[in-house]
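Below you'll find a set of structures to go through.
Both complexes below contain chain A, partnered by chain B and then by chain C.
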Partner chain A sequence: MTSYVARRLLQAVPLLFGVLTLVFIFMHVAPGDPTALYMRPDVDPAVLEQMRRNWGLDQPLYIQYFRWIASFLTGDFGFSLTQNRPVSDILLERVPNTLILSGTSLLLIFAIGIAIGIVQAVRQYSTMDNVLTVGALFIYSMPSFWLGLMLILIFAYKVHQLDWWPEFLKFPASGVTSTNYDLFGAGQKLGDRIRHLVLPSIALGVSSAASVARYMRSSMLEVIRQDYIRTARAKGVPERSVILKHALKNALLPIITLLGLYLPFLFSGAVLVEYVFSWPGMGRTIVDAIYQRDYPTVMATSFIFAALVVVANLIADILYALVDPRIRYE
Partner chain B sequence: MSEAVLRIENLRTYFHSTDGPVRAVDGVSFELRPGETLGIVGESGCGKSITCLSVLRLIDPPGRIEPGSAIWLRDRNLMNEPEAALRQVRGNQVSMIFQEPLSSLNPVWTIGEQIAEAVRLHRKAGSAEARARAVEMLRLVGIPDPEQSVNSYPHQFSGGMRQRAMIAMALACDPAVLLADEPTTALDVTIQAQILELLANLQRTLGMAMIFVSHDLGVIAEIADRVIVMYAGQVVERGTTDELFRDPKHPYTEGLLRSIPRVTQKLRRLAVIPGSVPSPRSWPPACRFHPRCPYAWERCRSEAPPLAAHERAGRCWLDSEPERRVAGAWDALGGREAQA
Partner chain C sequence: MNGQLVNLLRLACLAGALSCGGADGSAERPAKEGNGGGTAIVAINADLGFFNPLVNTDQNTNEVIYYMLFTPLIQYGASLEPRPYLAARWELEPQAVTFYLSDEVRWHDGRPVTAYDVEFTFARAKDPATASVLSSAFLKHVQSCTVIDSFTVRFDFSKPHARPLDGFWWAPVPKHLLADVSAADMARAEFNHQPVGSGPFRFQEWRPGESLTLRRNPDFPEALGGPPRLDRVIFRFIAEPATLLSETLTGDIDVNGSLFPHQAAQVKRSAGVRLMSFPFREYYYIGWNLRLPLLADPRVRRALTMAIDRQQLIEVLLFGYGQLATGTIAPWHPMYTPEPALPYDPKQAAEILASLGWIDRDGDGIRESADGRPFRFTLMTNHENAVRVDIAQVVQSQLAEVGVAAEVRTLEWQTLLARHRAREFEAVVQSWVLDNFRVDPASLFHSSEADRPGSYNRSGLKDAHVDRLIDEATATLDDEEAKRLWAEFSDALQAAQPFTFLMWLDELTAVSDRIQGVEMDARGTLVSIASWWIPQDRQKY
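Here is the complex of A and B:
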């Protein structure tokens, strides 16, 4: 297993390099450069020229590329051209926020998706199954940024106009913490963070949860037709554990594959949702950095995204082996 | 005659679809006495497996055991028992083994866990005790190195070992009745013989009664004390194995016996029963076998023959008009088939 993981990580190296090279090329092919921010009538073009020289942007592209690769390999992500601080500082601040948001969403996606899928399969063609099918399709068709805006409109704004609406079902519209966060006790701090997570993680996860539910339903329906389910019933196993023990573990196998597939999807969704909810994560960072042509920040953030996707797929493959004894990694 | 451990009366299992009921099992009655082996023979689609599943009341919708059917397990009619009571019967008093040992075992749980589960459920045993029982059962069915094998997964076992594991699972709670639904069909011949011997031995030592379903008359001859022959959802003949093989009453049984290949037979075309089992959606009227029967005459097409209540009986009009059983009828039928 260890050698398998090591081999997979090694295989990821050329992949990551490919991703970074492409991002580098696209960024430099796009018109404009970081000095664009300073292009104002009162700034002498000679100053801009000097800035370009200082940042090495006057060099041929391949020299810039190799310089950047060289510093990257030594673990130096460079210096943000717009925020005037090391990119590694920015990442340390932003990466955890994105991981918390995506992690919560991922949990939500699979917990809710799997639960709904099971219910639908067990009650196939019932009213509940039909309602959930239509509901899932409806939710699946909604773009996350629009859903985010609607959630804000309803749960952070409209409900404040309703006297009877319970306080704990009103949620903050933006940010990771409240402005008076530092004054809170430890328990209150955790509660505050969770309350801020609710709307963005729902906006980010709910459509994927709907599609996981679709997959889970069909996977479960496939499994409960199998002979070994009949064997379990013939053994006198109660229906509940026929489903949750004998069927579930088998039905989860194809769902684990989705884990690896959904993470990149989740990250691209995070870019939009973080914007809508002013969530200071990597998604917002990379969008801002792209607009400002902040090359080092874009490169570093892309690298982190790509690395997370590689790791997520690896985790999915390892989980697969844990659930299915027939799979062995040599 | 000792009291029957299992008595089926007028079992009718229909599958209800929009174009009418599919009468898979249509009025089957038989009884099983303690310690005996009852063979059920018939081609595919005759209702043998559905009969077994019905005994455990494991018929899923749209299938339904029709009212009026009775499944007597000693003095309880399982038709009147609630689901919770049925669960106490399944795997405990009545167990079942299936045709395909690989697909019948759950691929993601260990063999040991799958055996121990039944013990925990029915014996209220702790996990250590249940596991010990699993090891004991694996040893009993002849799995080598049971202490290790108990942790194996089904895919690590060969076909014969999987069926042994299935048997261990079924017998873990000392059932009074074992339903064996073609347990040797998917195995190759040498393994088949081993499994048959194992089942026969276990039956003797554990004193259980067994229903052995097969389409293979050779296998039935080896293991069964009494046999019922099923055709088109009905019992068409019953008797002891001896009687049935020596002197079949029903032309269908006759046909089945004729189609066993014999080594001594010189190069001759293998005898077959022409045609195939009709669709359970529309059984032929009157005698259900008449379209394939070499002796059929007007009466067979207009009037359904009854099955006498005797120990030895055949559902055929030949019983009352034996002179119509003419020699050579089968060969003439074969010729007709060949010309067609």
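Here is the complex of A and C:
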């Protein structure tokens, strides 16, 4: 197993390298210029030229490329051209926020998705199954940013005008913490953070939860029809433990592979959701950096995204081996 | 982020002649009512955070620098007359100015702000390696700086020029903290993110992408207005307009500084929050590429302008929050002389085009020249800005009615800029924002800038009459004369019509009823922030 993980990580090196090279080429070939932010009739073109020189953008592209690679290999991500501070500082602030949001969404996706999937499979073709199917399709077809705006409209705005609506179900529309967060005690701080997580993680996760439910339903249905389930029922095992113990374990196998698929999906979804909820994560950073042609920031954030995806897939594969003894990695 | 580029104008000194001066920078502050204290929460749609007057160019951050963190040499009054600020008074000569600084202003670490700081800032700004925008925006005609004593500093000009005080609306940085930073590294100085300023508010904390917190400076001298009323101002950064509006209406935000015209009606309807709108510094225009034979004739460009119903664009797309533009001098500017816009008259536009040989010869609805070339061009804009895209489409349909085919093409912001800058365009819908009050349209319209790579005369106007008026108006020492010349310049610009000027945008802000003493005008949203106050029973935090 260890050697398998080591081999997978080694394989990731040329992959990441290829991603970075492609991103570098695309970014520099795209028209535009980081000095665009500073362009205005009172700023002489000579000043902009000087900025480009200060940033090393006057060098030939291959020199810029090798310089970037060289400093990257020593762990130096360089300076952001628009925020004018080390890119590593920016990453340290932003990556945890994105991981918290995506992680919470991931939990939601699988908890809700699996629960609904089981209910649907057990009650196949019942009214509840049909309602949940229609509901899941409805939610699945909602774009996350639109859902986000609707959640804000309802749970962060409209309900504030209702006197009878319980206070704890009125959610904040933006940010990670409240303005007066610093004045809170430890317990209040945690509560405040969770309240801020609710709407964005639902917006980000709920459509994937709907699709997990679909997968779970069909996977469960397949398992329930198998002989060993019939055997379990025949020997008098209660239905509850037939489903949750005997069937669920095997039905979950295909779902675990979804983990590796959903993480990249979540990261890209986070771009829009972070924007809507003013969540200071990687998504907003990378989009702004691309618009502003902030090359070092784009390179670094792309690297982090690519690395996270590689690691997520690896984790999914390892989990797969852990739950299914038939699978062995040599 | 929406490609708001920026053009700068200049300002009138109503106090004429050679010496302005005075004692009290606080004269316009309203009498203090109630007790001070409380926290105001201001939200805008983009991050702040580059608090160094030498290298910052962001407009919102500039307001924080000018009105909160730092002390510029001069400040502007409500009618845009230069007023004493860090400089308590000054003596103006044709080729020089001497500033007598207030000796009461201190950096937030306790050291006094002196003439040496001013000289240091000037030297860094003038050093090309700094790539400071101050040099071209303010110091074009300022040659040297001499310290006379700790609180007296003299600037010599390379030549006499109009309205010289407009060149000094910038704030010094502390020499004792930045002297070790080389010019080329100024943009990367750690100082920029944890600044030690000299203004009425002190820096407390910046959380990138989230918030900026500033605290009251209790030691701010009375001569410059005294300490602010509020204890604390927190800026929050919320990019999505709908989220921002929702937080405003629920009272989580006190001032929404990024309100859009389509949201104004809802703010007006809502209790607990008021709408403040004022004419601001951004104008929209259609830039024509004069190098194309199709668009080379000013009569053609005037006809195109007359075929566009600009008032309708304001009513429909800006919900009335704007006014017709006729040139680059804003209607609120002391140098502005009312200039009637070209009328919306599609009939006359059609007649002009016909008289120039543009007639629909094959009945396809599009005019052709005598040799069969159709009147067709591409109108580009960037797709991130919905208002610009709407403008382009309305203009397209209005031009179609006079037989002109404009093909709308929307590009990504940077791509559009790159092509506009390289002169690879036929027509663009764009805007400029003025971020100071100097009037110097040379970079936009002087022929010497037409063929210079990367310069801003992208339309390629070469008009000797316009050149002469710009040269004379920027050189005269007499304000009345300057104003007359600018009026003549506006006429000449109207005749040449390198741009179809569309409209000046109003700035819209939603302000909670909690916040009192708020005044806003073309100087900015934060111009009166040191006077904002919150009644004691409505203070939070």
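Going forward, the second predicted complex is superposed on the first by the 330 of 330 C-alpha atoms of A that agree within 3 Å, B and C clash if a C-alpha of one lies under 4 Å from a C-alpha of the other, contacts with A are read in each partner's own complex, and residues count from 1 in each chain.
The rule is simple: a contact is a pair of C-beta atoms (placed from the backbone, for glycine too) under 8 Å apart; a residue touches a chain by one contact, two chains touch by 3 or more.
Worth saying up front: this structure is predicted, and the values here are computed from it rather than measured.
Colleague: After the match on chain A, would you call chain B and chain C a fit or a clash?
Modeller: fit
Colleague: Using the touch definition from the top, say if A:K235 reaches chain B (first), chain C (second), both or neither.
Modeller: first
Colleague: Where does A:V323 make contact in the superposed view: on chain B (first), on chain C (second), on both, or on neither?
Modeller: first
Colleague: Is A:D227 in contact with chain B, with chain C, with both, or with neither (first, second, both, neither)?
Modeller: First partner only.
Colleague: In the overlay, answer first, second, both or neither for which of chain B and chain C A:L149 touches.
Modeller: Once the two structures are laid over each other on A, A:L149 reaches chain C alone.
Colleague: Angle at chain A between chain B and chain C: what is it in degrees to the nearest 10, using CA centres?
Modeller: The three centres form an angle at chain A of 160 degrees.
Colleague: Have a look and say if chain B or chain C is in touch with more residues of chain A.
Modeller: On the superposition, C touches more of the residues of chain A.
Colleague: Looking at A:N54, would you say it contacts chain B, chain C, both, or neither? Reply first, second, both or neither.
Modeller: Only chain C; A:N54 stays clear of chain B.
Colleague: Once you lay one complex on the other using chain A, what is the shortest C-alpha distance from chain B to chain C, in Å?
Modeller: Chain B and chain C, overlaid via chain A, are at closest 48 Å apart by C-alpha.
Colleague: Show me the residue ranges of chain B that touch chain A in the complex, using the header's touch definition.
Modeller: Touching chain A from chain B are residues 53, 56, 58, 87-92, 95-96, 98, 100, 103-110, 117-118, 121-122, 153, 155, 166, 169.
Colleague: For chain A, which residues count as touching chain B in their complex?
Modeller: Contact set of chain A toward chain B: 226-228, 230-238, 245-246, 249-250, 323-326.
Colleague: Please give the residue numbers of chain A that touch chain C in the complex, ascending.
Modeller: 30-33, 36-51, 54, 79, 83-85, 90, 93-94, 149, 152-153, 156-157, 160, 172-176, 179-180, 183, 275-278, 280, 284-285, 288, 291-293
Colleague: Which residues, counting only chain C, touch chain A once they are in their complex?
Modeller: 1, 3, 5-8, 39, 41, 47, 49-50, 55, 57-58, 128-133, 135-137, 184, 187-188, 192-193, 207-211, 234, 236-240, 242-244, 246-247, 249-250, 252, 384, 412-415, 417-419, 421, 432-433, 435-436, 438, 440-441, 443-444, 452-456, 540-541
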